[in-house]
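You will see subunit A twice below: alongside subunit B first, and alongside subunit C after that.
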Partner chain A sequence: MSAAVGVPGSRTVSRIRPRLRRRETGLLVLVGVILVLGSVSLGATQRQLAGQAVTWLPADTGQLVIYLGALVAAHLALVLAGRRSDQVLLPTIGLLGGISLLLMERLPQSLVTQSLAGRSFGLASIQLGWLVLAIAVITIAAIAVRSDAWLRRYKYTWAAAGIVLLLLTFLIGNEVNGALLTITVGPISGQPTELIKVILVIFLAGYLSDFRPLLVGASMRLGPLRLPPVPYLLPMFAMWAMALGIVVIQRDLGAALLFFAVFLALVYIATARASYVVLGLILFVVGSFIAYQLFGTVRDRVDIWLNPFVDASGKGYQVIQSLYAFGRGGIIGTGLGAGLPLVAGRLPIPAIHTDFPFAALGEELGLIGVVAILGLYLVVIERGLRIAASAADDFRALLAAGLTLVVGVQAFIIAAGNLKLIPLTGVTLPFISYGGSSLLANGVVVGLLLALSDRGVEPPPPPRPSRARRPGFLGGRPGGGR
Partner chain B sequence: MDPYVVAIWIIRIAFLGGLYLFMFGVARLLLRDLRVATRDPGMALARLVVVASDVTEPPRGTVFGLDAVATIGRDVNNSIVVEDDFASTEHAALTFRGRAWYVEDLGSTNGTYVNGQRVDGLSAVSYGDELQVGRVRFRFERSRR
Partner chain C sequence: MNARDRAPLGQGIARVGLILSLLFGLIAVGAGYWQVIRASELTRAPDNPIVIAAARDVVRGKILDRTGATLATSKRDANGEPYRVYADRSLAPLIGYASPVYGTAGLERAYNAELSGQGSPNSLDDLLSKLAPGATQGESLTLSLSLKLQEAAVKALGSDRGAVVMLDPRTGRVLAMASTPTFNANAIADPTTAVAAFTRTAAVAGQPFLDRATMGEYVPGSIFKIVTSAAALGSGAISPSTTYPQQPAAETAGLLVSGFRIHDGHHDFSGSLALDYDQAIEVSCNIYFALTGLRTGGAALAASAARFGFGKPIPFDLPTAVSQVTNGGGSFGGGFKDDVELANAAYGQAETLVTPLQMALVASAVANGGVLMRPELVTSISGQTGNVSIGPETLGSAMSPGVAGTIGHAMELAVESSWGRIFTTGAAIPGIDTAGKTGTAQIGGSAEPNSWFIGYAPANNPQVAIAVVVEQGGHGSARAAPIAGSLMGLWLKTLNP
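After this line comes the complex of A and B, so read on.
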């Protein structure tokens, strides 16, 4: 039986009233304890290895205090703003970021150095700065985003912005390890693909929520497959072409794989039709085959994946060292700070802070630690999909699901690449890898998820306002009808 | 045994244990949420929110939970009663059929509108769409959990 189940308050702006977030407080306290324990373990090990007197102090008290302070500040801001948003995401991200900070404190600080205002900063200090900025981005997005109209109205503008960014990367990108990844504008350089992935999800959510009835309804038979008519298939081919373009021009396999996987997952979520996924997988296989045949980079990656020991001191070197690292780690790991002896004064894995943090954690925290970290990503995915499932309309559901998948799939791609389950592709491990672009883009993702999960957020605007022609009442006949 | 080795061992295990304790805490919150969700018996499949109304019943802001079949009209036997002279006795029906929701105009005099367009027969609606019956406008929403 349907019945009136409640009357929500009027839509006038109510006074901001602080609201306690007990679950978040509890989990954050736990995060603080875990990070202090990790830091003490790292500090004691490092001092012992350096031959200093062993003290039971954190590795770098100042950095730990700044990081935990940022988390507490974010928590307080959410409490004071009175948001009723998800309470698990912030502590989970906080824990992942804290592990990242411990890892960066542990690696040689000379991997990345930057001087600012006459002082020079090492790897951990820079990463700490980016982490604090990312937490700030999460908090600001979670509090400031009160309506999603600016996201759903301008979906084609967003798409255009994404394409412009992509073309810019093609044209003026700098090469990193054989892939066009970064754009440098003046003193700032960044990886646009990290931002493009967010824009892609916003566009896809808008597009799919608008055309969902058409995609579900119409069909055309092609052998055993029921496909929609050709015009509705065009986006799929466009997306496929874009992914191939990224592989060909940018030689960035990871981004291409991520974009296409998220696209397919979102199409499936929107339509619940397996035929799209089958078609997408066929396109994927065809595209991969063509790329393997034509491009040396792709062939190298696949060959390394199949057998890295063919060229153990050359192309297969990093992957083999990564496997060794997991092997040295064993079940419970060597302990933070105790792994990775320098080989001939050099790190065995040069890109350890960006592409192989999962291997470094595998060595120092072991199987148990790595499973826990994968578990943390699962927590993020669970919260995100829950937010999607309880969203008020299709756009928000698709947006939340897409944002979640972008983080989850990316973590899977790089973790599996480190473990040699799939060919290695150079994407970052979200919230753990070193790098500002990655941290900030993923901060935007989590901030939007928090904003979408807020129960007090503005109701969705009426769909397609341009076409909505309000029917007048003048033509109607009162008392009419059967 | 060297006390340093023992102490560092304990701290390392405590760190790893803490990670699992965190996961355990999250899992407990999840279970609690799920229990609350299952304890709520009248879980509606979707809901209709009245966004504008020129009549006294239903007033603006009313929320109707929807079952798999819900009918709208002036007659008291409808699941959603619209007391409006411009609505027919049996005006429209909303049905959930496997994957999608459909609205069907039951031959009303003044028509049923989805996003401002009059619908004939069966037509698919998605969450966020606006329905108009008589002088009452509804927004069709996913049910909140």
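After this line comes the complex of A and C, so read on.
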């Protein structure tokens, strides 16, 4: 590395040389085969149920071609740009997104409709649009982000942006199922928490990498806990207060849980000190208790979780219907399109496309499909954490880990909620749930991960003199010892 | 500078990765719990959309009578939605209904899984049905019931409330099981009229939805003397020649048991004769059986009743109410409170409550040499995968063949002897020896007593056993005995000669 070590402000100019990504090619071919088979299976079932002749055609050839085309285009762009970034993430996300497309094609198209340029679009068409946009975001971020300076330098600006978004949601947000979730500006409406989670990770990565030595070094004792001095604990309390604030003001339990869990995990990664986690968990329990006592929403969610059958046709309805869906699926599932029995034309689970796609897939793909989807998320987590572990410095490591965690923890929260393992909170299942905000925000996450994994990316700036210089960061696998 | 801040972040990242992996493993375990361990229970829940949807889409199997006549079948309306059609309203309390609005009742409910094609516990079938979605065809039921006999039974009960149960005593198979008033199940099964019909039927004072044959609980009166006989003769407390010296004198003033007087109504005919067992049955002597009950003891009486099926639901195709000899909890043996309760129970009053099905089983056991057969209605279930025949099945011995012979002889006299013709008018079938016992069950106040008859025919080769109850029908010989005689005659002479 010679010319690349740029003087701040100078730009690295290098000739673009295409580079084959054979592993990605192979995996994408596999993804293509799986999605074509899935679509053919769905098409056959749909035609049979509609009383038509069963053919070998996919359910919706046009949509499938567009989607696979977008994946191929993203792949070619990465090849032409000569990126040496991770080759597993794109195919994995591609498969999750493809499963989402098949699920949306399978659900009644009238669940969501939108008119654009005089044409009316249904659920799957809109989701396909968002998926293609998300793939574009991934590709652009993966290729265009060559420096992380804009992320690491302005951490307080990012924090401010996040807080502004949060306040906006509070001030002009629309209520969805009793929670302030979306804001509408002109024709566009979105869920700010999806963007805030990315901003939060950027801020935390900057903050924790700067103050890591202080957080690790100094300490005071509080009973059995060894804690840093009070000033360094302030962010912890601020974060806790913010999470509680989200619960109190927005009544968005899922986002609060996600933010706090990611925060705790990042603090633990940065400091390797269990005392923070213990303190965080104590705060979590105290906060949960307060919230349970004060807010009907929280009490309802917990009571439903403890025993949904008390009010089976009322409050417990969604969760019970979700469990019924898993039960109907059994081990091998009903097959795409053959589950989710309609009663009087209604789907068995309300909000199935946003909050319960995991239950829908649990029914139609069975336990086998559930385990496979969980496996795909674990692949994303493994790749993300691997990128974090081999990052060039603390900021990138924490950023990569944090981005990975928002996807992984969010997937856990909603999947576990669908299965009544934890109280149900309305967050999206990343890359599968219907919704533009979620897809785009998660697209940013994956794009940044790809960029961070690129060995050709601009190296981090030299550590500032005020900070202790760390010896060579480990080069490889997670858990590689101290 | 602490050494720990020099430690690479890799360790923390690896630990967080491990925790996340464990959490995802937990999700997989949770999914396995609901999708494998709890799956069949969840999928059979009545509010599971698949159950509701299946009930709407499925073409329910037919229900046929013993001759193959259709009792219930499914048709499709203009929209292609299946709905249920029933042959006759005499079947309604028994077969019930399958309504898109009100779900199922009666036999339709009891055999819902089979009729709607979800009865197969075979997991391979489940897998195959998942691979081949589409409307299912339910399995068909063949009943031992005779539609013509059923119609005749309801017609015989007329506008009275009551029940008729007719069994083949050799197999326990139900030939007729009527309950009145009946209702129009077709109107409840028809989606366009269901709500109005259901509301109207539920408001009828006579409770048409109640299947009196299996769920009606009645004071038995003198028909219970057959159970007391089995207990007394079986335990050796009495023999056929047993007489009670104090009995004739007690006839006019009543028998005093601990301050309670037990009365009789037959002394105009029997005078001052000390009755033996046969004569006591012939004239239905309350005092004889009160004394016999006291001599037998509560424990022996309750134990004998239990062998007939008292004290627990009868194993049958439909849910059954439990018949009892006493409310229980008493300290006098067998759960009786005291000697007064026992003496009254011995001739079928006190706290004794019975279902018509239970009393048909009592008559049936006497007819079948003491052997109690499981009553059964559904004799075969046939579907795409084949035909399954059911029963007959022996429940056990209610009494020895000798005791059954003694009781049967007395019941034959009760219908055929000169005294019997007075007390059991109308039960005799011309040309066929008949055995039976009437009951006139006092239900308190000034209300007319319930009219009972149990019996069987032909006496020497029993092919049909019967229990008839007519609510507030007066004396046993007034309503129940003639109904029984005509129905048994119809069965033996015309329908199944």
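Odds and ends about this structure:
Keep in mind that, in the parts below, the second predicted complex is superposed on the first by the 450 of 482 C-alpha atoms of A that agree within 3 Å, B and C clash if a C-alpha of one lies under 4 Å from a C-alpha of the other, contacts with A are read in each partner's own complex, and residues count from 1 in each chain.
Basically, a contact is a pair of C-beta atoms (placed from the backbone, for glycine too) under 8 Å apart; a residue touches a chain by one contact, two chains touch by 3 or more.
These numbers come from a predicted model, not from an experiment.
In the superposition on chain A, A:A272 makes contact with both subunit B and subunit C. In the superposed pair of complexes, A:V40 makes contact with subunit B only, with no contact to subunit C. Contact with subunit C, but none with subunit B, is seen for A:A415 once the two complexes are overlaid on the shared chain.
Judged by the touch definition given at the top, the superposed model places A:T113 against neither subunit B nor subunit C. Residue contacts after overlaying the shared chain place A:I332 against subunit B and subunit C alike. When the shared chain is aligned, no partner comes close enough to touch A:T61: not subunit B, not subunit C. When the two structures are aligned on the shared chain, A:A397 is found in touch with subunit B and with subunit C. When the shared chain is aligned, subunit B and subunit C each come close enough to touch A:A389.
When the two complexes are overlaid on their common chain A, residue A:V216 makes contact with subunit B and with subunit C alike. On subunit A, the patch touched by subunit B and the patch touched by subunit C overlap at residues 45, 48, 212-213, 216-217, 272, 332-333, 335, 366, 382, 389, 394, 397, 468, 470-471, 473, 477-482. Taken together, the subunit B residues at the contact with subunit A in this complex read 4, 7-8, 11-16, 18-23, 25-26, 29-30, 42, 44, 47, 49, 51, 54, 58-59, 61-67, 70, 74, 79-80, 85-91, 99-100, 107-111, 113, 115-118, 124, 126-130, 132, 134-135, 139, 141-142, 144-145.
Residue ranges on subunit A touching subunit B, taken from their complex, read 1-8, 10, 23, 26-27, 30-31, 33-34, 37-38, 40-41, 44-45, 48, 54, 56, 87-88, 91-92, 95, 209, 212-213, 216-217, 272, 332-333, 335-336, 365-366, 368-369, 372-373, 375-376, 379, 382, 389-395, 397, 455, 459-460, 462-464, 467-471, 473, 475-482. Put simply, subunit C touches subunit A in their complex at residues 1-2, 4-18, 20-21, 23-24, 26-28, 30-32, 34-36, 38-43, 45, 47-50, 52-54, 56, 126-127, 130-131, 133-134.
Those residues of subunit A lying in contact with subunit C across their complex are 45, 48-49, 212-213, 216-217, 265, 268-273, 312-313, 320-321, 323-324, 326-335, 338, 341-343, 348, 362, 366-367, 370-371, 374, 377-378, 381-382, 385, 388-389, 394, 397-398, 401, 405, 408-409, 412, 415-416, 419-421, 468, 470-471, 473-474, 477-482.
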